[in-house]
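Shared between the two complexes below is subunit A, which has subunit B as its partner in the first and subunit C in the second.
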Partner chain A sequence: MGEDRRRFLKLAGLTALCAAGKGSLARLAGAETTAAGGAAKQVRWAMVVDPRKCLEKEGCTACIDACNHAHNVPSFDNPKHEVKWIWKEPFADAFPDQDARYVDPALTAKPALVFCNHCDNPPCVRVCPTQATWKRGDGVVMMDWHRCIGCRYCMAACPYGSRSFNWEDPRPHIKDLNPDFPTRTKGVVEKCTFCDERLDKGQPPACVAACPEKAMIFGDLNDPDSEVRRLLRSRFALRRRASLGTQPEVFYLV
Partner chain B sequence: MLEKALVGSRGYWRWLLVLGAVMVLGGIAYLRQFAFGLGVTGLSRDVTWGLYIAQFTFLVGVAASAVMVVLPYYLHDFKTFGKLTILGEFLAISAVTMCMLFIFVDMGQPTRVLNVMLYPTPHSLMFWDMVSLMGYLVLNTVISHVTLAAERNAVAPPRWIKPIIILSIPWAVSIHTVTAFLYSGLAARPFWMTAILAPRFLASAFSAGPALLILFCLVLRRITRFDAGREPIQRLAIIVTYAMLINVFFVLMELFTALYSNIPEDAEHFKFLYVGLAGNSTLVPWMWTSAALSVAALVLLVNPKTRHNETTLAAACVAVFVGLWIEKGLGLIIAGFEPSVLGKVTVYTPTLPEVLISLGIYAFGLALITLFFKIALSVRGQVAA
Partner chain C sequence: MRDRGLILTGLTIFLALLLAPVWQAALRGSARKPEPKIVTKAKQCVEPTAEMRRNHMQLLNTWRDTVVRRDQRTYLAADGKTVTMSLSGTCMSCHPNKKEFCDACHNYLAVNPYCWECHIEPKEKS
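The block that comes next holds the complex of A and B.
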């Protein structure tokens, strides 16, 4: 199924781009995914969220605070200019296609933790006109703040609202500056990058490390013995708007 | 040939002065936006595109509409449009220029905009939109310059220009198709993800553009010695009528599919536009005005008596243009974000700087048209005494 889809996309792209010549075709194929080839050895990072554990501590924002500090995420009074990498969203808005009408309202009234899904088939990467956002071999959807032209096409394409734009200079609005992480300039898009800077050092993402309930589990999907695979084998999990074919790699245990 | 734009009557200079003043105001507002960021606009995390991108979309249609005079003249040897082709091409040039400016002012990092060329990305429709718009601008610039130069020298245009003119016809269709693809390929935005978006764009373009051309002809007849003649205007009116009928038909098809199927994520956007959603009804009066103008325009256009009368025809053209401007230049883009992917309805109201910048770009486009028409009419010796 996944393979068919990929082939179909490539074929469709091929037809549309026949005028563009060989060079651009190579680029298209390259942008589609790199996972097909070295799937066996390549790491594929993913996150499993256990909402029951997460909701145990009412009003806990440990992961959000850790992320905001680690990445110099600014905080604006004007909600229209909000920048957020990880936040809480009402269940019905995070999972619009899950009709939870008769579920105990105590469960559905509680928010879900949302952030970038690091889709296997990311629409933001497909639309970006400068490759300022791209998918790494390990599946992390990255963002180059120095190349981004601020066209916000990725924000229109993301079905999860995971991306934020710097409507003004964020620097004066950073509460507690972390000198080890870059700040951004006005006019660029930013989002969660699974803490690529920590992954490089062999550490889990900051939110995972900060969670007192261990409600976020991070690991390698390509390793059948990893904890994420073990959890997904034994428990049913939801993915946000899976019907769109984006293949989100953030799973929510039921 | 450009020197012809440098001599003119007092009215000509006064008009350019007014446009220049609006451009200066827009320029000042842009400096403010450049310094502070796009936060000076009414845009937000949920409504990330607004007035600028909507104007861009609308004007791509105006640019594409030149094909409605070029195609009959060059492919069907329809001589009636002979005097109009150059006006259509000039309209296309200035509309494409405005499109590019609207894209430019929408960029968060305008100084990096050339990254689109530095890192060409064929899987992004924005890359193809840039290619098609640039190409269309070059085509129309070359065509209008070569044909007008030939006319000035009283010789036939060189033979090599003919294939380029023929090429500009599918190219015009392509610019609006690719622009529709920018939106209709996004799974995240059900309001735009409809196969009829590109056909709908073309239908609205082929009514709004020729309607504007009719209005230009009527104005030029009053203030210059250029008279397009009754016949070409009537022929254009028929094009406007059919295209407008098709456009309204397409819109009704969209409404039926979304509302009868009643899939919430499809229907909600239309509800936002026509009845309001979650207490937000900012666009409702606009959309009903647009609907009323479209109906009024069709009544005036379909009825032969009012279509043949140039006064009522002018009113119909204004109604077509304004009605479609609301539909495409306001409703189409904003409603794509209302509700947002997370189900929120965020109020979007363009701010003063945003409006001034937009007006500045329109003034720039009008000034370009003025200069171009002045040159064309001077070459033909048809400038007002």
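The block that comes next holds the complex of A and C.
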């Protein structure tokens, strides 16, 4: 009897050891494969804006017009109902934490071009109760308009005012309907999506393609040889309200 | 039971009205069926017709989530064909007659899919 129990315990112990060893081996192997897969070039989209090149031509709105047309952005008469994807903001309002009193007026006198910063740590994503907005693997802060319930938590969370709410049906307020892109409906929040529909076709965002001065440069932050990385290496760049820790991925060259 | 005649007549009229669809179908030989008009010359939709009739709504929901949330735009059909998942791009290029195609059944069944509140339907002559 005693001998049997001893044999049983020995066998059980040995089996447990084998099982544990196999499990950890498998886990190790798994970790290795995921590490290899992760290293296989994940893109991180980002934008660099050169404010000195922007607005060379007074009153140029090429990027804004291109975006508004591409995405059926409505224009309401009531300024409180305004829907914005990309717009101009006075320098002091775009960069409230910068003391720009003695800075070159060539930089600060012109309005800055602002849009969704596609933050690396997006507060809008954290507060969305339906996961209608989320950060994609390539860094784009996406929106699923099917799922948005219009609670506007994301608008309260975004420190950049990059999100707009449709207080009324936008359809009748779209001047030139683009049939290839959906409109939104009343009660839905919308914002810039870095033109995910164009990225999938290998095209740059509509604003970048439309800029006559090439003042907006779009590219992959994870690629050290990309133009955005080259520009960020060679020139100092501001980020909007970087102190908030949202890690905005839109850079403004100084 | 003085009102028996009145009650029975009333009940008969009520039942006749209630069962109107049943006896109308019986008289006509068959119930009125919606007939969505297919204008495309293609032999088959992305999946076999019977499958599409039954399950197009699930397919469209899957397409929606796959494109928007998983960033994949190509659908691999059961027969190995690949199509771009797009309601106004792919579906409506073969079925540009929304009124005669989509609405024919949706109105019959009194279902009201909200696709077209955002997606732009093809222009058609009304």
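Operating definition for what follows: the second predicted complex is superposed on the first by the 211 of 254 C-alpha atoms of A that agree within 3 Å, B and C clash if a C-alpha of one lies under 4 Å from a C-alpha of the other, contacts with A are read in each partner's own complex, and residues count from 1 in each chain.
Methods note: contacts are C-beta pairs under 8 Å (C-beta built on N, C-alpha and C of every residue); 3 or more make two chains touch, one makes a residue touch a chain.
Every value quoted in this text rests on a predicted model; they were computed, and no experiment measured them.
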item	value
First, second, both or neither for A:92, with subunit B first and subunit C second	first
Per-residue touch tally on subunit A - higher for subunit B or for subunit C	B
First, second, both or neither for A:209, with subunit B first and subunit C second	neither
Subunit B versus subunit C as contact partner of A:127, first or second or both or neither	first
Partner chain(s) touched by A:231 [first = subunit B, second = subunit C, both, neither]	neither
Touched partner set for A:177, first subunit B, second subunit C, both or neither	second
Partner chain in contact with A:60 - subunit B first, subunit C second, else both or neither	neither
A:200 touches, of subunit B and subunit C: first, second, both or neither?	second
Which of subunit B and subunit C A:164 touches, first, second, both or neither	first
Set intersection of subunit A contacts, subunit C complex versus subunit B complex	185
Complex contacts: residues of subunit A adjacent to subunit B	13, 17, 20, 24-25, 27-28, 31-32, 78-83, 89, 92-94, 96, 123, 126-132, 147-153, 155-161, 164-169, 185-189, 244-246
Interface residues, subunit C side, partner subunit A - complex	64, 68-69, 71, 73, 88-89, 114, 117-120, 122
Subunit B - residues contacting subunit A, complex	36-39, 43-46, 48-49, 103, 106-110, 112-113, 115-116, 118-127, 130, 182-183, 185-189, 265, 336-337, 340-344, 346
Touching residues (chain side subunit A, partner subunit C) in the complex	134, 136, 142, 144-146, 177, 179-185, 196, 200
